[in-house]
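Next come the structures, one after another.
What follows is a pair of complexes built around chain A, which joins chain B in one and chain C in the other.
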Partner chain A sequence: MRTLLKDVKTMVWKDIVAEARNKEMVTSILTFAILILVIFNFALRLTPQIILELAPGILWITFIFSGLLGLTRLFVVEQENNTIHGLLLSPVSRENIYVSKAISTFLFMFVSEIIVIPLFSILFNVSLFNLLIFAVIILTTIGFASIGTFFSAIATNTKSREIMMPMLFVPIVVPIIIAAVISTGIVIQGGGWDDIYKWVQLIVVFDILSVVFSMLAFEQTLQE
Partner chain B sequence: MQSSGSPAIQIDGLTKSYGTYDVLHGLSMLVNWGEVVSIFGPNGSGKSTLIKILATLSPASSGKIWINGLDSQEYSHHVRRNIGVITHDMMLYGHLTGLENLLFYGTLFHIQNVERRIIEVSESLNISSFLNKRVDTMSHGMRKRISLARSILHDPPILLLDEPDAGIDQIALDILGNLTMSSKGKRTIVMTTHNIEIGFSLSSRIAIISNGAISYIQESSSKTVDEFKSDYKSFTGVTN
Partner chain C sequence: MISSRINFRLLLHLTTFLVMLYVLYLIFLSVPTDKNLGISQRIFYFHVPLAWSGFLCFFIVLIGSIGYLWKKSLICDRLAHASSEIGVLFITLMLMSGVLWAKPVWGVWWTWDPRLTTSLILWLIYVAYLMLRAYSSNRQQGAKYAALLGIAGFIDVPIVYLSIYWWRTVHPQPLVGPATSGGGLDPSMQTALMISTLAFTLVLISLLVERMSLFRDQYALETHVASIKS
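This part shows the complex of A and B:
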């Protein structure tokens, strides 16, 4: 357990330092997210009556498509100079490599989402500053990052990863997108924990299954 | 780390196929402790594939490999602690400094007192002066030397070098030569190269890979460079 924590901490630290210097992932997620929000803001004539209905969908469309952009590039960084071979040549288990990549992905996606939330609130005049909404965002982002990291490793080895990644990722995350959109909508309209806990349960079960499955199958994605 | 009794590397009937094409076909070889073996062969003969399989980066289609007495597929984690690998790729993160790269890899290998070990290796490879530069601002030769440091940081008893002399400057070449010469008798080295002069001068044994197998292996002291060049031509059909 101590080895796992040390290995994961080392690899996440490396990802954070590299990201802090090149700013590729967070910048691309954030830029794309802001563009989507601005386009929605201009394209839809949102009256106060329908804004509460549409806001959760707009929010999660923004998160999923901007997140996809970051996920597609996740292992590209490791292909430059073939550093993925450096990782594979170390005595670190493949599961630890997966866990560290999933944590880094979660952090980069979550940081971008935290920056997007105030902008969303300003553009659509809908407050998202609610602990329940934050809990839903954190849990859903864990699901995105855990299964997204796995699919990103597969898509990186294909010639058309920009097409392959959404084709693999989007159908699988549909259940948690539905759960996230519905529970966000309920909270925005004044609902509480009792109204959303079944949806949150679904997201948690998805997170657990996707982490376990990805850890078990990750080694196969790295095979030649 | 070195287990008594077993050879450094033992390869038995190694085959690697891509679809219906066999790159390696029943390759067998034994490398003893402290030997430096250079493997020559034309492009596409399977030299890099052999190094990749020995390094546990690629699985064999069939056959067995024991490294330090350990089955390399079954005990790949332990095998990785015993080997240092240099390939065409530097395996360095461009946005990190040389020191940060070495700290990163050193920590993954759980090296005790990693900072002191980095100082030792840096001094031996003469890289201390540019260790704090970001890798993406370094010259190719500098990167190669940092990559060399990365490969020996955990003090592996076995080094696998895939064309380590490709595209490097004279300083890096001298350092590589010194490392290989100083390793003789202490560290086992398997190296692939196209440069017959360099490979011949550094090695205790020389081998040729052709048709997916080791077709020639000799003590380097039993031949002159010119004799070996002639042998190379007759075994591969090409001049180097």
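This part shows the complex of A and C:
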């Protein structure tokens, strides 16, 4: 347990330092998210009456597609710099590599989302500053990052990862997309914890399943 | 050895053919027309068995995937691969027959009802499964990745069923099966449904046997060609 924490801490810190130097992941997720928001503004004629109905959908489409962009690149960076061999040769178990990658993915996605939220609130004039929405976003992002890291490792080794990544990722995360969109909608319309309890439960169950499954299966995904 | 295998396959296909003929007779000539739904209800004898066989396929994919990851058995890999193709075929037909039925009865081709939606997602997962095999750089890698997805994808199947209870639904509730105590269907309808399910399960087994044997020959040929080249 001690070594797990220490290994994971070291590897997450390595990812954060690398990200702080090249700012590749967060910048690409963020700029892509802003692009999606701008397109939505043109694609839908958003009046103040319908924006409350559409806001959760727009928000989550933005998070999913911008997040996918980051997830697809996750192991590509390691491959391009040839650091993946260093990572595989280091005396750390595969589970620890997975856990640290999933944690740093979660951090990068979450930081981008935290920046998107005020932008969204300004551009579409909907307040998203609510603790329940933050809880839903955190839990759903845990689900995205945990299963996304696993699929990213698979998609990276296939011939066309740009197609394989969304094909693998989106159908599997549908349950938490539904839960996230509906619970965000309920909270925006003025609902409380009791109204979204069922959906949050679904997200938590999904998170647990995906973390456990990915930890067990991750060893199979990395090429020797 | 070879002749007994061929005899077994011939017997299997012949049985499938005869049972299927009998089912067609039952569906179109023998079974009474439904009082409320009319003639369109007859598609139900295809729709439900297709759904059952499709889900059974994905269960076989799960078994094959676990077998391959655990024992590295190539038969398990062929089983999973063949079964995933047949499952995609059956679920495609199931979705299409559902769409045909929905238009006259519900008035729309499709509704985003939970069960329909989850079936569509299940279909997407297994299309991704086939793509993953096609896009992998070599067969071993494709088999390993597909096996992982076969297990992960199967975890979605319970959500299909759970969703019936979790969300409000416009899909007709199941009238047979453990959830209900038999009633609701005319006995002759129930018999036709059972025999039709048997027929489609036999089609599934026939296709599976043929596809697996094709895969075996294909791999053997590829190995042979590779050995000649080198």
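One rule holds for everything that comes next: the second predicted complex is superposed on the first by the 221 of 224 C-alpha atoms of A that agree within 3 Å, B and C clash if a C-alpha of one lies under 4 Å from a C-alpha of the other, contacts with A are read in each partner's own complex, and residues count from 1 in each chain.
Keep in mind that, in the parts below, contacts are C-beta pairs under 8 Å (C-beta built on N, C-alpha and C of every residue); 3 or more make two chains touch, one makes a residue touch a chain.
For clarity, every value in this text was computed on a predicted model and none was experimentally measured.
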{"item": "Partner chain(s) touched by A:125 [first = chain B, second = chain C, both, neither]", "value": "neither"}
{"item": "First, second, both or neither for A:163, with chain B first and chain C second", "value": "second"}
{"item": "Contacts of A:7 with chain B and chain C, given as first, second, both or neither", "value": "first"}
{"item": "First (chain B), second (chain C), both or neither touched by A:17", "value": "first"}
{"item": "Partner chain(s) touched by A:175 [first = chain B, second = chain C, both, neither]", "value": "second"}
{"item": "Which superposed partner A:201 touches (first chain B, second chain C, both, neither)", "value": "neither"}
{"item": "Partner chain(s) touched by A:88 [first = chain B, second = chain C, both, neither]", "value": "first"}
{"item": "Residues of chain A that lie at the interface with chain B and also at the interface with chain C", "value": "223"}
{"item": "Chain A-facing residues of chain B, complex", "value": "55-59, 77-78, 80-81, 83, 85, 87, 89-96, 100, 104-105, 107-110, 150"}
{"item": "Touching residues (chain side chain A, partner chain B) in the complex", "value": "3, 6-7, 10-11, 14, 17-18, 21-22, 80-83, 85-93, 223-224"}
{"item": "Touch list for chain A against partner chain C, complex", "value": "147, 154, 157-160, 163-164, 167-168, 170-172, 174-175, 198, 202, 209, 213, 217, 220-221, 223"}
{"item": "Footprint of chain A on chain C - complex, ascending", "value": "69, 121, 124-125, 127-128, 131-132, 135-137, 141, 144-145, 148-149, 151-153, 155-156, 159, 166"}
